[in-house]
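Below are two complexes that have chain A in common, paired first with chain B and then with chain C.
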Partner chain A sequence: MHDPSVVDLSRLQFALTALYHYLFVPLTLGMSFMLAAMETVYVVSGKAIYKQIAQFWSKLFLINFALGVATGLTMEFEFGTNWSFYSSFMGDIFGTPLAIEGLMAFFLESTFVGLMAFGWDRLKRGQHLAVTFLVALGSNLSALWILIANSFMQNPEGAHFNPVTLRMELTSLPDLIFNHDAQAKFVHTSIAGYVTAAIFVAGVSAWYLLKNRHVELARRSFRMAALFGVLATAGVITLGDALGFIGGQAQPTKLAAMEGLWKTEQAPMPFNAIAFPSQKDHVNYGVIQVPYALSLLVTHSLDGTVPAIDELERTAAERIRNGIPAVSALQVLSAKPGDADALAQFQAHEKDLGYGFLVQRYAPDVTKATEADIAAASRDTIPQVAPVFWSFRAMVVLGLCMLAFFVLALIYTMRNNVERQRWLLKIAVCMIPVPFIANETGWLVAELGRQPWTVYGVLPTWMSASTHSLGYMIFSLIGFVSLYTVFIVIEMYLMVRTIRRGPDDEHAPSPSIEPQAARLAGQAEG
Partner chain B sequence: MELYATLQSIWWLLLGVLLMGLGTMVGMDMGVGAILRYVGRTDMERRVALNIIGPHWDGNQVWFILGGGAAFAAFPLIYATAFSGFYVVMLLLLWSMIIRPLGFEYRSKMPSPRWRNAWDWALFVSGFVPMLVFGAAFGNLFQGVPFHFEWNLTSFYTGSFLALLNPFAILCGLLSVVMAAYMGATTMMSGAEEPIYGRARNVARATAIAAVVLFAIGGFWVHGMQGYTLTGGPAPGVPQTPLQGSVSVAAGAWFANFHAHPALWLVPVLGFAGLLLGFLAASANRSHLAWWLGAVAWIGVIGTAGVALFPFLLPSSSHPAQSLTVWNASSSKLTLGWMLGFALVFVPLILWYTSWAFYVMRGKVKADHVAADEHAY
Partner chain C sequence: MKTFLQFALFMLIAFVVILMAITLGEVGAWYFAWLIGTTMIVLIAAAGGMLLDAQDEQAARKAAAAARHD
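Let's look at the complex of A and B:
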């Protein structure tokens, strides 16, 4: 059996390492395209300032990229090391997009990023531009395949359970790829990366403008970022709405948690703008509502309703009862593959197999599951409402703030007097952390809201984890936390240092390097 | 042969190709890291060494990532069982590997000698440890690993972490390290001038001989070792689980494939030939040839392990019948088929643009270029 605290620690470790990895990924996604855009302007216009712009931002890009690559390795390992049952149970489906990602995208991105950094003098202008575009293409294709894999966890399509091999297997790769959730999520997430990059570039440029340094570079960068940012933010919000629409149908429990819906209500449903959900009491405290708004937002009509938690728990209890015979039949099939009675029983209850697994947490022998066990398992089907509810609101509010900022930034940069709007520039600097927080809250909504499943409705999280000892988990958590803390300190330090030094210093080697390097050389030889 | 069994065999082969690619391409970068402190004595010499692989290490590393991804997709039970069973060792591999991108990218960003020295050690660790673990993992495959499955294929590893670092595994680990160092050394011979060149040449010659010795010792060791033989269970190409297997264990069984098909002896011969001719090529200052012979040696050495173990991928020492094989650990026919299609399209493409990238960056790295280039490591 699985030790519940090992499962919790495995979740904590995965969440920490994924959230951490996700600090660097969006900036890579967006910056790669911004670099391509800057370099395009350079190649088309031939103005040296744009080469300087592209090279300066690519320096910051690479500092960020290194940590993105490093922490991405962890993700590749972690499914196997900490979610071994998930990996063997879902690998037939889930492994495929990951492997294709490597073949199609990651090789492309990683091979050409080396040429992008080292090839300025070796490649013709057009060739180097093509290389930069291939890096952007590679990183974004990479995101596409990862999100296709993730969307299978959110909305499993294109797969079925094979009772002979005791695992889920692929039935259709096109169904897996053209999963509705995947399409909306890819666009929403990759454009969120463009927003992140646009805010980053705008913020750093604003800082230069405030300091009256590198004004030419900063003003042009700021303008490009503002234009890029307005379009991207509008895209993120539109696709976010579509994603909420699709996700709400695929995962009603997530939607109910996002909106804090405990009791099913008649249309038109009000929107809980502010509420303090209590998981224990199944009720919200301190509610401020907007009438009609929820029906409009999530069903795009006034007479639409969505199921609330009370109804969802009742449905889950039914499905758990129906899933129990599926699990017990499977147990027979494992020992006697092809047993006709067991196979018939399994097929009759197959669609609720995952719900049967859910109650196995409380009743290892599912045929002995009591009503109390079923009630506990059906309560488990509801994710933790408060963190999902608040993460969602934080993401939306921050997204709207960024839209407002970009609209203002675009207006003033088009009027050519953004340098004089010191208030706006100060806001721009303060905005730098905002997209990062919004990205992380978006991840939390998607993944906390998916609980208690690793693959929604199919495989519960509690079964998915590896059967490690508590000691192993504490060891690995301490290791990750210490390493990652050191990494972020170093990365932030180098980022800030590179920004402070700015683009000018780099052509002339700074005076401090040479004597120290010579001293080092002397020491090493002596 | 059934289509499914054919696909399974092809993916066994492709996984082998990826591991050979890993040994060659990642091995060369990690080899550079492992011998950096010996080959480069001054800061500038070390920078030159790092800039030889600077444009390529990131692309090369994808061989490793794709190896993991392909194992996940083509042999999910292997990926799941091995990665979780080898937990602590895998974490050491991972942690040493993830300091490597930072070592390359951040080392020369600060002038402080202490900073650079610290990163040089980090690059040493991140070159040495992963290759040691990579080889040691193979060593453990030969000896079997204590794991078993519950009725629903939840896996349990019942050994200790230290058991994975046994003498035979260490031997295989060292073989992998010296072969990586050889790849790194021949790469540096191609990309650097004296005095780095001469030191790299010494390393290449020494590691080639060391690898020959370690490979030979490993062969004798395996000869006396308990090997595994499939004795029953569902036939190849029939969908199955490891719960239905039947396996016997006997000394010398790992040589059974060679005895049955004597032509297979050519595979270990390839390993020895690559290393010995590589020694001669390095001695004769033919650095490119020496590098390619190193790649041949990787094919021979990993091929030898694969041939000896076939059809086993991960034998269980505690429950031999539940050993994982090419037939019971693979993905479904549909998945293997799709993946093969993608591999047939993209692997040639990858090889093509990787070669182009090496072509663009060909030639010797010179100290004055490194000093002048703001993007250099």
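Let's look at the complex of A and C:
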């Protein structure tokens, strides 16, 4: 039996490393394509200012890229060190996309990122642009394969459990790759990266405009970021809805937690805009509701309903009862693999094997599980509602704020007078942390909402961890937090230093157009 | 007021577009959509940069013409 504290610390360690890592990743995903857009203008127009723009932002991209790689590498090892049962049980499926990610995407981006950084004077313009696009593609393909692996944990498709080898085995690579959850999650995550990069570029550009430094670079960067961001934000919201719909079907407990649904209600169901969920009492306090909205949002109809936690717990209890014979048959099969009766019993109940594992936490000999054990295990199937509920709302509200910001930014930049809107520029600077917070809360919704499973409906979290000592976990947790905090400080220092310095003066272009003063004079005349 | 109306109009357009995309289907060919969407976003952002240059050049020409007129 695993020590619950060790499982909790393993979860905390993975969550912290993932949350640290995820501070860097979205900026890399989005910035790479923003660089491609900037360099495209340079190649098409031949104007030196765009080369300067692309070179400046690529410096910030490279700082972020390097630290993103450093924080990501440790996570793959963490599966083996802290989640050894999970790795053994799921390795055949989980290892495939991760191996492809390393061999295809990571090698692609790592190879070409060097050419991108040092190839400005060695490659032709078109060749360098192709390299930049390949880095962008590689970065995003890297995210694709990792999210395919993650989506198997959210919605396991394309694999089955082999009772003889006692492992999950891959049955269909296309099912794994084209998992609906993977498709929606990849696009949602990738485009959230575009939004992050757009806010970052707009914010830094706004800071330059407020300081009246590097104005020509900042105006162009701001314009491109506003367009990039407004389109990307619309895409993120659309894909967020799709992901909610797909996730809601695959993981109804996550959806119930996101919406704070304790009791089954008739359609049309109201949306809990604000509530304070109590896990203990199974009720919400201080509720402010929007009538009909939940049915419309989740089912896109007024007569659609969403299963609530009371109903889901009852269903889970039934599945636990059905899973118990599967677990007991598996125990026989692990000792006598050829036992035909045990195999038949297993096959009759195998779809609820994971639910049988859930009750094993309370009754190591599942055949002796009491109704109280089953009730406790069924309550465990519901994730912690309050953090999921509030993380979801924070993500949505921040997403809408970013949409409003980009629309405003677009209006002023298209009028070509954004530099005179100091209030908007100040907002743009203040917006820089917003997408990072939204990304982190999105991760929390996805991963806290999946609990108590590492692989939804198949493998409970409590079984997945390694059997380390408490001391080892505390020591390694402190080590990771310290190291990653140092990484964050280094990133912030390098970023701020590079931004303060601005683009290299020796590469300062001679704009082919009259700068600021003539343009503003022209506007005044107009 | 003009800016506020423009803002309201653009937000309305954004919501209508998002609503249309949502109602078109939840289980879409999202990988394909990403390819097309990313290409579009990159090209539109690039076009926005070039448009700014064109706007600047037009403003400079206007300023020069006004100076000659005076």
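We take it that the second predicted complex is superposed on the first by the 503 of 526 C-alpha atoms of A that agree within 3 Å, B and C clash if a C-alpha of one lies under 4 Å from a C-alpha of the other, contacts with A are read in each partner's own complex, and residues count from 1 in each chain.
Here is the rule we go by: contacts are C-beta pairs under 8 Å (C-beta built on N, C-alpha and C of every residue); 3 or more make two chains touch, one makes a residue touch a chain.
Predicted, not measured: the structure shown is a model, and the values here were computed from it.
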item	value
Residue contacts with chain A in the superposition, chain B compared against chain C	B
Partner chain in contact with A:Arg420 - chain B first, chain C second, else both or neither	neither
Partner chain in contact with A:Arg125 - chain B first, chain C second, else both or neither	neither
Partner chain in contact with A:Lys263 - chain B first, chain C second, else both or neither	neither
First, second, both or neither for A:Phe89, with chain B first and chain C second	first
Which of chain B and chain C A:Ala226 touches, first, second, both or neither	second
Touching partner for A:Arg500 - first (chain B), second (chain C), both, neither	neither
Set intersection of chain A contacts, chain C complex versus chain B complex	513, 519, 521, 523, 525
Residues of chain B defined as touching chain A within the complex	41-44, 51, 54-59, 61-62, 65-66, 68-70, 72-74, 76-77, 79-84, 87-88, 90-91, 94-95, 97-102, 104-106, 109-113, 116-117, 151-157, 239-241, 243-244, 331-332, 334-335, 338-339, 342-343, 346-347, 350, 353-354, 357, 360-361, 371, 373-376
Residue ranges of chain C touching chain A (in the complex, touch as defined)	3, 6-7, 10-11, 14, 17-18, 21-23, 26-31, 33-34, 37-38, 40-53, 55-64, 66
Footprint of chain B on chain A - complex, ascending	55, 58-59, 62-63, 65-67, 69-74, 76-77, 79-82, 84-96, 98-104, 106-108, 110-115, 117-123, 162, 164-167, 169-171, 173, 330-331, 334-335, 337, 463, 466-468, 472, 475-476, 479, 483, 487, 490, 494, 497-498, 506-507, 509-510, 512-513, 516-517, 519-521, 523-525
Complex contact set, residues of chain A against chain C	33-34, 36-38, 40-41, 44-45, 47, 50, 140, 178, 180, 183-184, 186-187, 190-191, 194, 219-220, 223-228, 230-232, 234-235, 237-239, 241-242, 245-246, 300, 403-404, 407-408, 410-413, 416, 513-514, 518-519, 521-523, 525-526
